[in-house]
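Structures for review follow.
In the two assemblies presented below, chain A is common to both, partnered first by chain B and then by chain C.
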Partner chain A sequence: MAFVNGLVCRECGREYPAEPLNVCDFCFGPLEVVYDYATISEVISRDRISKGPISIWRYEDLLPSNGDDPVDIMAGYTPLIKARGLGKRLGLNNLYIKNDSVNPSFSFKDRVVSVAATKAVEFGFETLACASTGNLACSVAAHAARAEVNAVVFIPSDLERGKIIGAAIYNPTLVSVKGTYDEVNRLCSEIADNYPWAFVNINMRPYYAEGSKTLGYEVAEQLGWRLPDHVVIPSASGAMFTKIWKGFNEFACLGLLEGVEPMSFGADQNTAHHPAVTTRMHMTQAAGCSPIATAWNSGQTQIQPVRPDSIAKSLAIGNPADGIYALRVINNSNGSAYAVPEEDIVDGIKLLAETEGIFTETAGGVVMSGLKNLADSGAIKPDELTVVYITGNGLKTQEAVEGVVDPLMVKPTMTSFEEELSLRERR
Partner chain B sequence: MGKQRVKFTFIGDLVKEPVIYKLGRDFKIVTNIRRADVQEDMGWVVLELEGEDDEIRRGLQWVGTTGVRIDPVSGDVIDG
Partner chain C sequence: MSVLVRIPTPLRRMTGGKDKVEVESSNLGEMVDTLESAYPGFKERLVDENGDLRYFVNIYVNGEDVRFLQGLETSTSTGDEVSIVPAVAGG
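Moving on, here comes the complex of A and B:
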């Protein structure tokens, strides 16, 4: 069962029932889920989690939906891999990759959409919708198919082909919007206000965002119920970044971490910080759309919106809803934020592929280049336990790395093969 | 009559401009500020606009020409 008390405004603290709402009626601040942690602490345990399903729903006690009949395409519980080759290249001896590119629709979005879709069905919605730069569209269409409800997904018309096909295959109503980023954004906002649909990242947002906490839970569980010294995370809206931090602190406050005593969540659940959580949270953004990293690096407490111009389209959010909360997490965790130069993104994709055999999308290239920067600058020491999050699959953004295709062109003879091989080796 | 919730972001010298005052004066729109953070070189205001749909559209079009950025209150609707 779901241990949810309701929703609360992050800005003014007004309380609301657990309904499909995302904005406070009084101050228009964002709403967050409020949990009954006292009851959760009585039922949750490492043993109970370990016996749960091999998906995000093993953490159902800490999710806002009833896990009895979730819309589940088996999102989550993705591999945590010791990165020996990459670690050697970067001088990091204790590096792990959380490979979320192997989710059913090939990105971490399956975590958040599984929670939002489950909640939408609970509320009685018959249509699941989203406005997306790709990964979310794929995931919403896939979960709608599983839930046997309608799907309407809005995408910018210049989206990568792999992402369009990856969404269209599930047969949603696909709406390709011609216009600038801001025009598309405003149109979709207006549509969301006028149709009785469950927009996963609008009226379902408080529930949707909670799915990202499982990225924190899984890393803790897979490391033997302990937390890393550093995590390196790609960021767009800042929501996933803040929710991973929240997940770490929930586990600590509930006494689920090895050697950590439980602690009260305090008056504001969403800012709870257990002193045993010392993980440093490092955010990476692409320089072509880096409003949070720019604010952090210039010491601002506000986020200045930008017009995205990046090859990392899945990170192209110019006015990030959770930007200021992400800044607070960076400060509270003694972390950092880095804007990766656009020209380094493809190098990051190649670095991961060549050292670990993992093909990631452009967001993964951003996080890899960010990790390299942290290692090169000495911000991460060689023996510190570090986890880097890979959130999307490279097959979706093949256009970005087309230059890697450079085969040996040979005639069907041994002589030709050996000549060409010899030429390549002398390059 | 309709209502629309929007966020205006003012960068640099625009912080000093009475844009919201002029929006209420020059268009048949009631402006109702709910939350704001205004600093020396940047600020944002979250507000509700009430008026005829076409008037709100015209008013927002004018705000756009001043250089003020207009967004939905919940930030970007498009996600990754």
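Moving on, here comes the complex of A and C:
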């Protein structure tokens, strides 16, 4: 069962029932789920989690939906891989990759959508919808198929083909908007006001965003119920970044981490920080759309929206909803933010592929280049336990790396093969 | 000069349930003041104590975010469409 008391405005503290709402009626601040942690602490245990499903639903006690019959295409519990080759290249001896590109619709979005879709069905919605930079559209359409409800997904018209086909295959109503993601998002906010649809990242957003906490839980569990010294994360809206931090702190406060005593969450559940959580949170954005990194690096506490111009389309949110909260997490965790030069993104994709056999999308290229920067600058020491999050699959953004295709063109004869091989070796 | 203002759900209680209203104004600041006269308390919801647009409120004139224009000094003219949209969405 879900241990949810209701929703609360993160800005003014006004309380709301657990309904399909995302903003405070009074101050327009974001609404967040309020949990009954006292009861959760009585039922949750490492053993109970370990015996749960091999998906995000093993953490159902800390999710806002009822896990008895979730809309589940087996999101989550993705591999955490010791990165020996990449580590050697970067001089990091204790580096792990959280490979979330192998989720059912090939991005971390399956985590948030599984929670939102389950909640939408609980509320009785018959249509699942979203404003998407691509990966979310794929995931919403896939989960709607599984839940046997309608899907209406909105995307900017200039998305990569792999993402468009990756969404269209599930037969949603695909709406291609001639505009940026921020314009798609604005249109969807207006539509959400007028149609009885469950927009996962609008009226369902408080529940949806909670799904990203599982990226924190899993890393802790897979590391043997401990936290890394550093995490490196790609960011667009900042929501996932803040929820990984929340997940770490929930585990600590509930006494689920090795050698860590439980602690009260305090008056504001969303800012709870257990002193045992010393993980430094490093955010990476692409230089062509880096409003959060820019704010951090110029000492601002507010975000100035930007017009995106980046090949990392899945990160191209110029007006990030959780930007100010992400800044606070960077500050509280003694973390950092880095705007990766656009020309380094493809190099990052290749670096991961060539050293670890993992093909990631442009957002993964961003986080890889960010990781390299942290290693090169000495911000991450060689033996510190570091986890880098790979959140999407390279097959969806093939356009970015078409230049890698350079085959030996041969006739079907040994002579031709040997000639061409010899020429290539001399290059 | 009449502009069409689209009202989001959180503010419709103030407009008697109306999802759009027509306002005479030559810029956004004037539009907000006119709405305040018609629906007392409206301004406080959009503008903070310093007179700036609240952080979690986005206003668009003909689809353009006014933060990229002249903010509350952005001019409006007959036939313009203004949308007031909560900022917390997406991602």
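Everything that follows uses one rule, which is that the second predicted complex is superposed on the first by the 420 of 427 C-alpha atoms of A that agree within 3 Å, B and C clash if a C-alpha of one lies under 4 Å from a C-alpha of the other, contacts with A are read in each partner's own complex, and residues count from 1 in each chain.
FYI, contacts are C-beta pairs under 8 Å (C-beta built on N, C-alpha and C of every residue); 3 or more make two chains touch, one makes a residue touch a chain.
Just so we're clear, the structure is a prediction, and the values are computed from it rather than from any experiment.
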First (chain B), second (chain C), both or neither touched by A:E183: second
First, second, both or neither for A:N319, with chain B first and chain C second: both
Partner chain(s) touched by A:L256 [first = chain B, second = chain C, both, neither]: neither
Partner chain(s) touched by A:E11 [first = chain B, second = chain C, both, neither]: both
Partner chain(s) touched by A:A220 [first = chain B, second = chain C, both, neither]: neither
Partner chain(s) touched by A:I202 [first = chain B, second = chain C, both, neither]: both
First (chain B), second (chain C), both or neither touched by A:N194: second
Chain B versus chain C as contact partner of A:C27, first or second or both or neither: both
On chain A, positions contacted by chain B and by chain C: 11, 22-23, 26-30, 131, 181-182, 185-186, 188-189, 192, 199, 201-202, 205, 236-237, 302, 304-305, 317, 319-322
For the chain A and chain C complex, residues of the former touching the latter: 11, 22-30, 131, 179, 181-183, 185-186, 188-190, 192-194, 199, 201-202, 205, 209, 236-240, 302, 304-305, 307, 317, 319-322, 324
Sites on chain C touched by chain A in the complex: 6, 8-10, 13, 19, 45, 54-58, 60, 63, 65, 67-68, 83, 85-91
Residue numbers on chain B that touch chain A, as the complex places them: 5, 7, 9, 11, 34-35, 37, 39, 42-44, 46, 48, 69-80
Residue numbers on chain A that touch chain B, as the complex places them: 11, 22-23, 26-30, 109, 130-136, 154, 156, 181-182, 184-186, 188-189, 192, 199, 201-202, 205, 236-237, 300, 302, 304-305, 313-323, 363
